[in-house]
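I am attaching a structure below and will ask some questions about it afterwards.
Read from first to last, the chains carry the letters A, B, C and D; within each, the first residue is number 1.
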Amino acid sequence: MSSTPTVIGRTREEMAQRLAQDIPDGSYVNLGIGIPELVAKFVPEGRELVYHTENGLLGMGPSPEGAGDPELINAGKRHVTAIPGASFFHHADSFSMIRGGHIDLCVLGALQIACNGDLANWSTGTPDAIPAVGGAMDLVAGVKSIYVITQHCTKDGEPKLVESCTYPLTGCGVVNRIYSDLAVVDVTPDGFRVVELSPGVEFEYVRERTGAPLLPPETDH
Amino acid sequence: MSSTPTVIGRTREEMAQRLAQDIPDGSYVNLGIGIPELVAKFVPEGRELVYHTENGLLGMGPSPEGAGDPELINAGKRHVTAIPGASFFHHADSFSMIRGGHIDLCVLGALQIACNGDLANWSTGTPDAIPAVGGAMDLVAGVKSIYVITQHCTKDGEPKLVESCTYPLTGCGVVNRIYSDLAVVDVTPDGFRVVELSPGVEFEYVRERTGAPLLPPETDH
Amino acid sequence: MINKQIASAADAVADVFDGATVMIGGFGEAGSPVELIHALIDQGARGLTVVSNNAGSGEVGLAALIKNERVAKIVCSYPRTANSTVFPELYHSGRIELELVPQGTLAERIRAAGAGIPAFYTASAVGTPLAEGKESRTFDGREYILERALKADFALIKGKTGDRHGNILYNKTARNFGPIMAMASANAIVQVEQVVDAGTIDPEVVVSPGIFVQRVVEIAEPAHESALVAAGEVYP
Amino acid sequence: MINKQIASAADAVADVFDGATVMIGGFGEAGSPVELIHALIDQGARGLTVVSNNAGSGEVGLAALIKNERVAKIVCSYPRTANSTVFPELYHSGRIELELVPQGTLAERIRAAGAGIPAFYTASAVGTPLAEGKESRTFDGREYILERALKADFALIKGKTGDRHGNILYNKTARNFGPIMAMASANAIVQVEQVVDAGTIDPEVVVSPGIFVQRVVEIAEPAHESALVAAGEVYP
């Protein structure tokens, strides 16, 4: 078995692709900066999603071909486009959409997720870091469903799915589901439960890399 | 003296005209329903005022000649026009202008005004009346200056300027100045003070028709 | 694909349930969604809590809904109207409950619900009978009262132009409560004179972004309440 | 006659005083009023409290204002930027104070000030370090924190088109904080590419009604921050 692949589980693109399958047609979606942004590329044919970017655009389209408009950007400050049917609005209206529960889904990255749904994704809490939170706390407090897309472990091999977050929280009990390289994991009243293992990944392998009790997939009855 | 005039003091038009002299150029003004509406006709040449109507129009113009638009109305539900430079907006934005202190002056009618500036102008408190308040409480709480335009006494000869309102209040300590048929009266920390008597009206005559102590005009020093 | 256009007013209000809270746009007749209200009368839901600035006039539109005793309670700033005996009659005989709210507080409570703000402080109504029983608190030396958000199950709104995304433009002062009631309602139903293709409305001028609107109905030539009242019409 | 147009950016910011609270529009470079900020640097006011979503980039615009040590405190949601060492340097050496506010709470606090709401409740930041020391309260079984309105003496805003009444249109996502900062500031100063005759802007599409704007300055060809940074420019 010297041909064991060096990569086990899903790549970033595959994680984004897997998550994209679970977004219902017609959803209003806010995609965080980084891997979450990849999700838009993988939405299955025939589904129409409307993307919200908190800096004041509903109906965000992909990055423009050629030169962009420095006044048409997304929350990550990248040049984007507006689809037919888009609208621009000010920040208070934009966060009314978020805080008021009008957005169906937000996809975010994470530093840590606790088994009660607590999320830490804005600060490592180190004293020399410049604290910066942006709209993360508003998104997790207001959007109907919060999906996290993340590597299962840090680069140092530490679990990101934990009993209790050690980093400063973004929100309490807010995460609904995690799409990692190793598995799709739901946050349930009983804690983490695997919904689906990535191809070629064993439950035990994921359990060992999870910092809190992990329930196996529910068997069909 | 059998030629004593039956009308003493200012007519409704003259009250409106007198008040109009005191509105500075460039003011944002909300005019209540009834006599206050007359004020717009008497603004001195060379002054530009911008009229706000709480149902969503800044830059209200006069009633249209000919048929009006049933969807272009003022707070009194009368057909109006919009001046060049006008804007339409929704009710939360409209009352942000009011509550946020952006409007310079509101002119209102009154049932009673107390010498501490309390105003009653929305209900006689009779049990069979249908209570209806509209925007009056928001206006008196939010607009920078509140001028009342009113007959000095009721049709039954009862004073409207009183020690303490017996009718339900619209707001506490909100009235700055009263323009009546008999006088212009300021609400001061010391109570009612005549600023100016109407032509041909004696101070004593006004004092007798005022239900609270009335201070004479301050003499020039 | 997203397509919020509904074939008829009847279809658009089909699921309004007994006891629902229904916001109804309009300031007087401007912005009053007459056709949607008539469809709601036909639909038959009862025991409604209606949130609307006024209580209608004549015996059409909102006044007809009240006259037909579908409204258990109205939340309103100014239920007194020149041309209606409908509300006063039911009110005096105790067949309709009234919650009287200052107009700006009404607007802000609705906006708060749409914006996810459960409660806020305002100086409006402090020291008046409408502040009785409300919590009060001083900030920077001024007294304020606490007001709660006001949300609804449905909103009936009159716009001018819409598209399949639910983007809405309004006409002049008929805009009034429409945009905020759309925000505050689980199901915002908007009648417009014309449904246009997505992209026809400039994104810079959209008044109600589609996310706040669930259903759009085309009513090409909406009736004006004042014309119906002048003609002595009675609905149904 | 009402004419809010001011001849120059310098004239428009002439009365900004030491210690003033100044809101500065923009999300990243979109909507950043570079020319007004540079005029403020030239003007010389110090000890400012700046309210702005970010802390600027490079050594132009907001970053230059900070670099020149005019800012005693910044109220901000995301002061970390790709192309600036200016804020981190001053922050680490204790020469600038930071009040970190979640972006939506920042927007709502600004809007509240403009709307005459002294305080409101929000669920954002509940249970996080940014809720420490804040009052909390439960409504309908959910916990919220109390947030206060945030007002300013001046606002520097970038619009696209204006008129003598102060009506303003914005450009795409450069709208962001402009309309609410105008509401919340005693003196809202807006630079626009073009001042047009009153009546040119359709009253249906006005974004900032003139009542919220005190001064309008025409800057026909405003600089883009990213272009200045790419060119290595430093102000002054």
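The definition used in the following text is that a contact is a pair of C-beta atoms (placed from the backbone, for glycine too) under 8 Å apart; a residue touches a chain by one contact, two chains touch by 3 or more.
Here the structure is a predicted model, which means the values were calculated and not measured.
The set of chains in contact with subunit B as well as subunit D comprises C. Counting C-beta pairs in contact, the pair that comes out ahead of the other among B-C and A-C is B-C. Here the CA centre of subunit A is 30 Å from the CA centre of subunit D. Taking each chain's centre as the mean of its C-alpha atoms, subunit A lies 57 Å from subunit B.
For the pair subunit A and subunit C, the distance between C-alpha centroids works out to 37 Å.
For subunit A, residues that reach two or more other chains under the stated contact definition are 57, 82, 88-89, 92, 95, 98-99, 142. The set of subunit C residues that touch two or more partner chains comprises 108, 111, 115-117, 122-123, 170, 172, 203-204.
Viewed as a contact network, the protein chains fit none of the simple shapes, being neither a path, a ring, a star nor fully connected. Chains touching one another, given as pairs, are A-C, A-D, B-C, B-D, C-D. Contacts from subunit C toward subunit A in the complex involve residues 1-2, 111, 113-117, 163-165, 167, 183, 197-199, 201, 203-204, 206, 209-212. Of all residues in subunit B, only 25-26, 28, 46, 48, 50, 52, 57-59, 82-89, 92-93, 95-103, 142 touch subunit D in the complex they form.
Residues of subunit C touching subunit D in their complex: 108, 112, 115-123, 139-140, 142, 144, 148, 169-170, 172, 203-205.
Here subunit C touches subunit B in the complex through residues 27-31, 53, 77-80, 87-88, 91-92, 98, 100-108, 110-111, 122-130, 170-180, 207, 224-227, going by the rule given at the top. Per the touch definition, subunit B reaches subunit C in the complex via residues 53-57, 69-73, 77, 82, 88-92, 94-95, 98-99, 118, 128, 130-138, 141-142, 168-172.
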